[in-house]
Structures are given as structure tokens and as C-alpha cells.
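Per-chain residue numbering starts at 1, and chain names A, B, C and D are given in the order in which the chains are listed.
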Amino acid sequence: MNVSLILIILLVGAFATFLAGDKLASKVAFFFGLAAAGCSIVLLNHYNLGENISFINQWITQPNISFALKADGLSMAMLLLTTVLTPIIIFSSFGNDYKNSKSFYALILFMSFAMAGTFLASDGLLYYIFWELSLIPIYFIALIWGNGDAEERKKAVVKFFIYTLAGSLFMLVAFVYMYQKAGSFLLEDLYKLNLTATEQLWIFLAFFLAYAIKIPLIPFHTWQANVYQKAPTVGTMLLSGIMLKMGLYSVIRWQLPLAPLAAKEYMYIFIGLGIAGVIYGSIVALKQKDLKKLLAYSSLAHVGLIAAGTYTLTLDGLRGAVLQMIAHGFVVVGLFYVAEIIFRRYETRAIAEMGGIRSQTPKFTSMFLILVLASVALPSTFNFVGEFTVLYSLSQINIWFAILGGTTIILGAYYMLKMFQHAMLGETNTKIFADVTFNEGATLVIIIAVLFFFGMYPKPIIDLITPSLQEILTQINRIN
Amino acid sequence: MDTNLALVLLFAPFLGFLINVFFGKTLGKSLSEIIGTLSVAVSFAVTIYFFLQINQTKQAINIDLFDWIQISNFKVSFGFLLDQLSILWLLFVTGIGSLIHLYSISYMHDDEKMHTFFAYLNLFVFFMITLVIGSNLLVMFIGWEGVGLCSYLLIGFWYKNQEYNDAAKKAFIMNRIGDLGLLIGIFILGHLFSTLDYATLKTAIAGATDLNMYWLSAAAFALFIGACGKSAQIPLYTWLPDAMAGPTPVSALIHAATMVTAGIFMITRLNFLFDLTPDVQSIIAVVGAVTALVAATIGLVQNDIKKVLAYSTVSQLGLMFLALGLGAYEVAVFHVITHAFFKACLFLGSGSVIHALHGEQDMRKMGGLKKAMPITFITMLIASLAISGVPLFSGFFSKDEILLVAFHHNIPLWVVASVASIMTAFYMFRLMFLTFFQEFRGTEEQKHHLHESPSLITFPLIVLAILATIGGLISLPGHSWLNEYLTPILPKLASAEHHLGTTEYMLMAIAVVGGLVGIGLAYAKYIKQNTVPTEDSEITGFSKVLYNKYYVDEIYDAIFVKPINVLSLFFRDTIETALSSLVFGLGKVTNEISFQGKKIQNGSIGLYLLVFVLGLCAIVSYLFLAQ
Amino acid sequence: MNNILNQIGIENYIFLSVILFCIGVFGVLYRRNAIIVFMSIEIMLNAVNLLFVAFSTYHQDAQGQVFVFFSMAVAAAEVAVGLAILVSIFRNLGSITIDNLKNLKG
Amino acid sequence: MSTVLILFCVLSAITLSTAFLTIFSKNPIHSAIYLVICFFSIAGHYLLLNAQFLAIVHIIVYSGAIMILFLFTIMLMNLNEQREVYRPRITRLGAIVSFCLICLVLITIFINSKPIVGEYTSTGEDYQSIKVLGKILLNEYMVPFEFASILLLVAMIGTVLLSKKEKLEK
């Protein structure tokens, strides 16, 4: 039993969903999503028992490419995030009717497949293929099933597609360069390369462009808000919940260990960039009129902090970043789902058109508030654990980084509470707001339960990721 | 046994919260009230048990539940520490908490969201207990932020009014500014000592040979900023008066007796750290004294009964910080306790008045309530005498000790604090005279409905008034039970340095006379001359500045809020567009290049052939001639 | 039997066919009349054929000549088809100046 | 100077000059006539090299078939007068430059490659009589030979189809 099973389940699931027809598609997709989640939990168990669940097979001999799926703690954590969020996301869409839903759900599973592959691949080219593969489904999902004016949407989505694709091409160049030196794309072989500082700098920058666009870090974020707004909520969830983490994960897995000298040399610049993103994203979020756009900018702020954490090159920074990634994945999915729930009833995403919802549906309001608070990292939620660790690592580098990064605590509370106030509180809205359905409630409750559980007891995840992060750190600190 | 009891202590209110949240509606009003009150009462009972135990054994109880957060150089466990300090705090948190729950049963009876109110109150008590009994700074931080959250929820309890929501938001954000400071302090302590646990921290600091004073001071200062946020000190005090938007029991519990003392608790808890940083201590002392004075001056002219009490709270908290800054932690703790009694009593009394007047809070429309509400009047009078420092009431002892300590350390601070307490006496009796004496100035209909509050409201008032009277007994000059009790926490007692001598008696006399002068002035102005404060529009001169709270809110708005909003608009409209057009511009440039390049491919075969031949030349010469 | 190249020299043939080929190239580039362009192409073909035959003699091998034979067949087919295309172009456009044939434009 | 060399020079001169004239004639008919002469001279080269079969085939195919085709086409289009549009100077310049360039390049290559020029061996074997060529063509090159016939057939059909007047358009 090894991790390729999950990829197979997801891929087969995608095909089965497509063949199942429009009526059954959502259920079939949900079933396969659950199967993948279950399977990954079983695999996690195997992994924790010390079994080898990696999968390596020669794929193409000339050039030397292997189908290498390596599962260490970090990959398993990200894989779990993907496979657990996928059924949640699918489940959250049950209230909606999509045209041609068989393709829609098949694309979701396919995207999940590609993202899981990205998290697992330990061969450069295989990783690159998965990385790019994940872009295709989201392109179609956002383009076909998105909302708003079709022309505008096309513009935003095509921009996103070309932007990210162009960034990743530099990564491919870096891989090809390293292949010429190493004769293999395998991560272990690439680690063994003795690259000079200049070479490392170029490789680092090439990777950085790909990741900075994907994460996104300022000033490469311009695709984000528009695509988040235009994409259907399921697409936004996939994008913000999982796909962003692909970039952050890749920073840890590929960029830092492959070009440690450059990373150390220019650490401050990149931390600064991340923190600038925190402040910038928070301030821009303040005056957003569209709920989804606001969440997009809040996401920008949060990933800025995570990225800053990764570039500290300390165990705390990496660990905090991974914790925060997972936490943010859940929170942001929850928040976008909340936006969707409101949209289902009011047909609007403009915050100004909401308000006065609380008196109609206290249950929903409480869940929304909890998600808002989790997003601003209230202690006892998972996000606090991540944010605290990241900020601590920043303060290890320089206390001012922690202070500036810590402004997210203040500004985050400001824009989130302001949004909450105008969206939910105030005089009872004249429009009727139907109470949440069972599906909606169950989705939110699951997310909230995860957030609180790991907020109080993050030890399992910490124990899972720490050894592999330490391994990566030894790679980063190796002497060439 | 202890572990289980501690868990009961902690989770009883939480259980109450859960029951009220999930089943509040089904249970009905009276049941949810009973559960809400009982859950806190259970905590109180357990606290008394612990109190008795620790009074005998003098042994702190340490409970570690599980590892929570892991940092590279240390682990933070989820644990509790029950020692003299935390149990003392628990006593009045749960004790006054129970009384206020009891009070709320009647006070909030007509509110449709009764169960939500009790749920929030229970949640608050839960977080407050967490704050107090956490064994390390991070567990305390859970409670710290949690009480902030509850304060947010309760200030904005009547959420249909956006002004209340603004006040709630403001409170939360201002608290968060302080929280950032607290976090920074925690980070620095983590770096320096690799632990956040109080006990280990204490031994680490005591055992350290070469302390980095710079970082230590930075940590202490950052922690102090955190305390400023929570305890409403300059410059982060403006949220507290606004927080009066919440229901009155909330103001009594959270914004007078318990939550706002969290900063004092934290500093007292870390006294071993602050003792080492005299610079920060003097900052604390000065900030405290200035806050006391500024808030007192604002309190002089406020007409909203709750606003007066709010500024009075800020002022009293300032006095406590003054004591903290002078190293007299036990004096600050003493004042916290007496203040909790009389201020809770005052708030609840004002609530009783507001209740009787159907929500009227403006003192200009009150007056003459003495006869209609005798119990409320007497209890509030006792509390006012206590806060004014009239001898034999509890406030006299605690305030006097602060003034004594101030006098011994720094005369200017003593002058400032004395002036502040004279003002306190003045505005408290201004409040009393305007509310309870003279003729009723409200509408006829209100007058008709004037009545004494029900017993559920008066009972807590009476209990608190008794406590406000006799509370001073726990720390009498010369023989202080409190100081002895706190010895394990506070080995150095600042107040023990001086003995009662002529100077001390003189100071006491000055304070008493000052207080009486304040009361006398108020009597002269509001009874003899029968003045009623003028309408808002007619206030002029310096009192207008005071009435508008020195325009601090407006200044903050202009310095922080407006610029951020303008910046946000600028970012949203200009920078975002610029960045976006930069990316689109890149696309456009590519497009343009391709458009120009397209012109080369104009379909002219002649040109194609020419290029073809030239290309052929190039390739052939490269292949054959380039060796 | 004596090799005729002993008297002429292969290099002369190479020069000749190079120049002939270049004349063909020149014609293609210089003229705008599609028929003349065609003729120039024929000249180029013949230049190559000539070189083939010369080297066939040089190597005393028949394969070069066989190749010329095939290339002639191809040339014949090419001319036939090419001229047919020209005729139909002429019918449609009324001219065979290659400047007018700009449909290759993207 | 042997007679053979003189003959070669004369033939070469005819070949090159007629090739030039083909290109420079204003009248396409003249071009065609010059081209015929050029082809004949090339056939002469073939004969000089003792490739009788090819010489004959060359005359038949090129001078006979292809040139007649050209002439027919020219006449069909009524191109006997100068109809060529104005050629911009840049085009002519470009043509001349590239002509010089390609000449230069090819000749330089040839000189650079330092061919072994000297005694040419002669095996004395017959390799290019019609008899031998016929055997080679129909033994070794049987399949290409047949393909050539198919090619010609296809070309024929294509030509017919292409030159048929399309009535549907109008």
C-alpha cells in the first residue's frame, strides 16, 4: 500500500464522475473524495507505524525521469489537507445546481488529483507536470461556471492562467539547468549538486517567480482578487484552500533546500516582502465592498505572513508556516462558504447590501463569527498556533519583523470585524434570510471542529511534520 | 482530586455556556438563568474550597494537562497554577460574578435574548478563570483574548444599534493593540529564558547571572503595553467609556470589577520581572498617575451616569498602576479588591436607577430618587463614600496606602494622585446629588413609574455595599492579612518599608480632608446652589474640552483611523490599478511586439524567399565555416 | 578508358553548377513573374543534376545518374502541377505577379 | 588546352549566359527560348561526361516536355508582352546582395573544404550505358521506379483537376 493509491482513486474518481452523468455526479465525486480522505488517513496510520509508503518507479529513461512519490511528514500533512478539504468542498456545493455538473465535479476531482500529486512528487519534472496540471481544471472551473460578466471573467481568468503559467516556466528552466548538471530530476540527486552561489541565486529567483505568483506575494498578486471574485465559490475554495498552499509548500520543499545560499543571503528581502504583503493586504481589505474580494485580500495578508515564516529558515518558521497553512486552508474554505451561503439567499456579495442577518439566523451568525475570529487568530483556534509560531520565528530574526507582522493581529481584527458588523449586525434586514440547511451547517461545523481541536491539541500535526522539516533544515544548512 | 476540582472550577461556567448556547431557547428563561448563575456559583464554591486549602497548606497547586504549542527551544504546556494570587483573584471574579449573574436575572428579564446574555457571561467567566489560573503566559493569553472577545460580544449585545457595534469593535481592536504588545513581550521572554512558565521564569530570572537589561526592559515595556490595552490606561483607554454601550451588569462585571484588572494581575504575576526594570516601572507609575488625573478631570463634567463611572474606573485603574509602578504590588492588589466591591456596587446601583427610569442614563433628567429607591440610594452612598476615601470605608485604606507609597517615592506623583482623589470625591458626589437629591427632573410618566428595584437586584447591592464597607479589614495599616497572604508571591513588600509615624498620620489627614473638601464642593454646587448641568450646546470653555474628553477620540481618528482608511482607498484605487495595469501592460507589450512582428510576415513571397536564402547562407556557413 | 575529368577537372564542374545554382536563386529573388520564378527553379534543379552527373563520373558509379533520373521525374511532375496552379491563379486573379499572392499573411 | 576543355568552356559559357538571359529577358517567351538553349547546353555537358542516356532523357523531358508546357502556359496567359509591375529598388538590391552572398558562401565552402584534385581513377567498368542503367533501375531501384510512375500519375490527375474551370463558384 503506498501513496500512489490516492492519486489513482482521485483520477479514477474523476473519470467515474464524468461517466456517471449529471444527476449522480456530485454524489459519485463526494464518494471518491471521501474514499481518498479515508485512504490517506489509513496511509497516515501506516506512515506513523514506520512503514514505507513512498512509490518510486522509472518512468522515462531518456531523459531520466522517475515517477517518484515520496511521502514524508510534510507531504502527508499537505496530502491530508487536500484530501480532507476536497470532500468538504464537494459537499459544500450540494445546494447548488451546476450546468453540466458531470464535468464540473470531474474537474474538481482532477484538480485534487493534480494538487495531491504536487504535494507528493519528489521528481522535479513529475512535480512540474502536476504543478501545471492543476492549473487546467481551475481554469475551466472559473471560466465556465464562474459568475459576473462573461467578458470580464474571461479577462481575469486568462490573466491568471497566463500569469501563473509564465511564472512556472522559469521554474522549468531552473529544473532543466539542474538536470544538465545532475543527470536526474530526483530531489535527492538535486540536493547533492554543488551549485555556486550565483547559480543558486538564479535558481532561487526562477523558483521565486513561480511561487510568488502562485502564493501570491505582493506585487505579484493582481490576479488573485479578481479570480476569487469571479470564480464559483467551489473554485475559490480550491484556489485559496489548497492551491495557494502548493506555492508555500514548494518554497519549503524545493526552493529553500535547492538554493540555500541564496536563501540565506537574501532572507531579509523576502521576509520583508512577506510582511509588506501582510500590511498591504490588510489595508486594502479594509475598503473592499465585495465580500469575496475582502476575503481574497485577507488571504493575501495571511499567506504573506506564512511566506515570511518560511523564509526565516528556522524550524519555528517552517513549522509555524505549515501549521498556519493548514489552519488557513480550513478557515478560508469556511469563510468563502459563508459568502456562498449568503449569496444563495441574497444573490449578492456586496457587503453594503447585507446587514441585519444576525437576528434572523443566530446559528449561522455564530458560526460565521467563529470563523472570523479564527481568521484573526483568536487563541484556542488552530490559526493562533500557527500565527504565534510564525511570529515567534520572525522575532528570532528581528523583533521589528514580529512587530510589523504582528500588525495583522490589529488590522486583521479591524477589517474582519468591520465586515462582520456590516454584513451581519444592525437592524433586521427586510429580506428574509432562511436558516442554514443541514448540509451547510454540517460543513461549517466540521470545519469549526477541526479548527478548535487542533487549536487546543496541535501535537499530532506538530509531531507529524517536525522530523521532515528538520531534514529539510539540515539540507538548507548543509555546507557546500 | 485537585486536578478534577480545578477542572470543575474552570469548566462549570463553560458548561453553563454550552447549555445556554445550545439549549437556551428550549430550556426557557428561568431555567437558563438558573443554569447560568449556578455554574458560576459552583466555581465560587470550589474557589472557596481551594482558598481554605491554600490558607492551610501554603502550597501552590500546579496542574499540567498536556503539551500545547511547541517552539524550537521550549514547549508550552496547557497547565494551571493555583497559588495565593490566582485564588485571591478567583475569589472576587467568581464571587462578584455570581452576584452579578443573580442581578442580571432580574435586570435582563425582559430581554428576548436572555439565554444568549447568560451564555456570554458564562463564557466570560470561563475565560477570566483561564486568564487567572493559567500556569504560563500563553494560557493566560487564551483567557486574555477570550475576555476581550466576550467584552466585544457583550458590548455589542444589542447588535441592532450600529453605534454599540462600533463601540464593541473599538474595544476589541484597542485591546488587540495591547495584545500585540503582550505577544512581543512573550516573544522576548521566550528568547531570553526559553520558557513562558511563571515558576520556571521566576527561577530563571533569579538564577541568571548576566541578564540582558536592554531586552529585559523591552519585554517589560511590551508587557506593560498589553496591560495598558486591557486595563484602559493612556493611551489605550478610550474604549472603556465607549464600552458602556453594553448592558449595565456587563459594565459592572467586565468593565469595572474583573476584566480591566487583568493588566494589574499580569504585572503582579510578573513582579519579579518588573522589579528588575526600574525604567519601565517609572513609566508605569507616571502613566498611571497621568491616567488617574486625566480620567478624573473628564469625569468631572460627564452627564451620563455610566460615563462618570467609566471614567472613574479609568482613574482608579490609573491609581493602581501608580502603585504597581512604585513596586507596591500588594497595595495595587488591595485596591483592586476594594475597587471591585465598591465599583461593582456603583455600577449595579446605577443599573438599578436606569432600570427604574426605563433606560434613561442622563443625570440631568434624574434627581430626587432618594425616596423612591432607598436601598439603591443607601448602597450607592456607601460605595461613594468608599471610593471617596472617607475613613473606615474600604476605599480609605487602599487609596491611602497608594498615596502613602507615592509620597515616599515621589512627591509630584503623590500630588497628582491626591488631586485625582479629590476630584474623585467631587464627581462621585456630584453623581449622587444629581441623581438622588432635589426634585425629579424627568417626565411625569417616568415619575409615575418610579419604584424600588426587585429584591434580586437589591440583594447583590446590599452584599456589595457591606463588602465595600468592611473590605478594608483585609489590610489594615500596621497589621495586614493581605500582605501576609501574598508573601509567597511578593517577597518584597514596598508598603512594609514604612511604619506608621507622624508623617503617615498627616498624610492620612490630608487625604481625608481632601476627600471631604471634594464632597463639600459638590454639596455647595449641587445642593446649596441647586445647579443642574447645562445642555450640551451651552457648555463652553475648558469644561467643553473636558466634556468632549480632550478630543482624544477625534485626535485618534485623525491620526490613525482616517489615514489608514485613506491609505486603504489609495491602495485599492491607485496601487492596485497600477499593479494590475503593469501586468496587463506586460501583456500589451507582448501583443504589440507580436503585432509589429506580424508585419514582417506580410505574405510577400519575395521577402520570404529573400529571408529563406539569407537563412540558408547563415546555416550553411555555420555548418561548414564555423569550425 | 580514360576518365574525362582528367581533362576538365571536377572543380570546374563544381564552380559551374554553383554559379548556375546562384543564377537560379538570383532569378527567384529578382523576378516577380511567377513563370520566370519557375524557370529559375528549373535552373537550380539542373545545376544540381549536373553536379550529380559530374560526381557520378568522378566516382565511376551509376547511382548519381539514377538519382538524376528520379529528380527529372519529380521535376516533370512538379512543373506540371505548378503550372496548373499558376493557371488557376491567373484565372482567379488575372495576374501571376507573386507580389499579389499575399494569402500567406497570418 | 585540350579540345575537351575548350568544349567545356564553350558549353559553360552558353549555359551561364543563357541562364542569365532567361532571367533578364523582359519577354517571357524569350526567357523560355533562352531556357531551352540553356537546357540543350546542359545536355551537352551530359554528353561530355559520357552520360548519353541522361542527355537524351534530359532533352526529351526538359527541352521537350517541360519547355513546351511553359510555352503553352505563357501563351495561354497571353504573357508575351511585358506585364511585370514595378520592382522596388530594394528588392533588386536584395536580390543582388543575396546572389553575391550565396555565391561567396558556396565557393568559400568549396575552397575551404580542400578537395583532392588530381588523378581521377577510371575502373574501365561500364557503369553508364543505357543497358547498365536499365538493369540498375529495374533491379535495385525497382520500387522507387514504380513510385515515380505513381507520382507522375498523381501529378497528371492533379493537374487536370487544378486546371479544370470551376463552375460552382460562379
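Some points to look at:
Basically, a contact is a pair of C-beta atoms (placed from the backbone, for glycine too) under 8 Å apart; a residue touches a chain by one contact, two chains touch by 3 or more.
Every value quoted in this text rests on a predicted model; they were computed, and no experiment measured them.
In terms of C-beta pairs in contact, the better-connected of the chain pairs A-B and B-D is A-B. In terms of their C-alpha centroids, the spacing between subunit A and subunit D amounts to 69 Å. Taking each chain's centre as the mean of its C-alpha atoms, subunit A lies 37 Å from subunit B.
Centre-to-centre, using mean CA coordinates, subunit B is 102 Å away from subunit D. Centre-to-centre separation between subunit B and subunit C, using Cα means, comes to 98 Å.
In subunit C, the residues that touch at least two other chains are 25, 29, 32, 99.
Looking at subunit D, one finds that residues 91, 94-95, 98, 102, 106 touch two or more other chains. Chain pairs that touch one another, listed by label: A-B, B-C, B-D, C-D. Within the complex formed with subunit B, the residues of subunit D that make contact are 91, 94-95, 98, 101-102, 105-106, 108-109, 112-113. In the complex of the two chains, the subunit C residues touching subunit B come out as 25, 28-29, 32, 98-99, 101-106.
Contact residues on subunit B toward subunit A in their complex (touch as defined above): 21, 66-72, 78, 116, 138, 141-142, 144-146, 149, 152, 156, 159-160, 162, 165-166, 169, 172-173, 176-177, 179-180, 183-184, 187-188, 190-191, 218, 564-565, 567-569, 571-572, 575-576, 579-580, 582-584, 587. Of all residues in subunit D, those touching subunit C in their complex are 2, 4-5, 8, 12, 15-16, 19-20, 22-23, 28, 31-32, 35, 38-39, 42, 45-46, 48-51, 53-54, 57-58, 61-62, 65-66, 69-70, 73-74, 76-77, 79, 83-85, 87, 91-92, 94-96, 98-99, 102-103, 106-107, 110, 115, 117, 119-125, 127-128, 132-133, 136-137, 140-141, 144, 148, 151-152, 154-156, 158-160, 162-163, 165. Note for the complex: subunit C touches subunit D at residues 1-16, 18-27, 29-33, 35-36, 38-40, 42-43, 46, 49-50, 53-54, 56-58, 60-63, 65-66, 68-70, 72-81, 83-88, 90-91, 95-97, 99.
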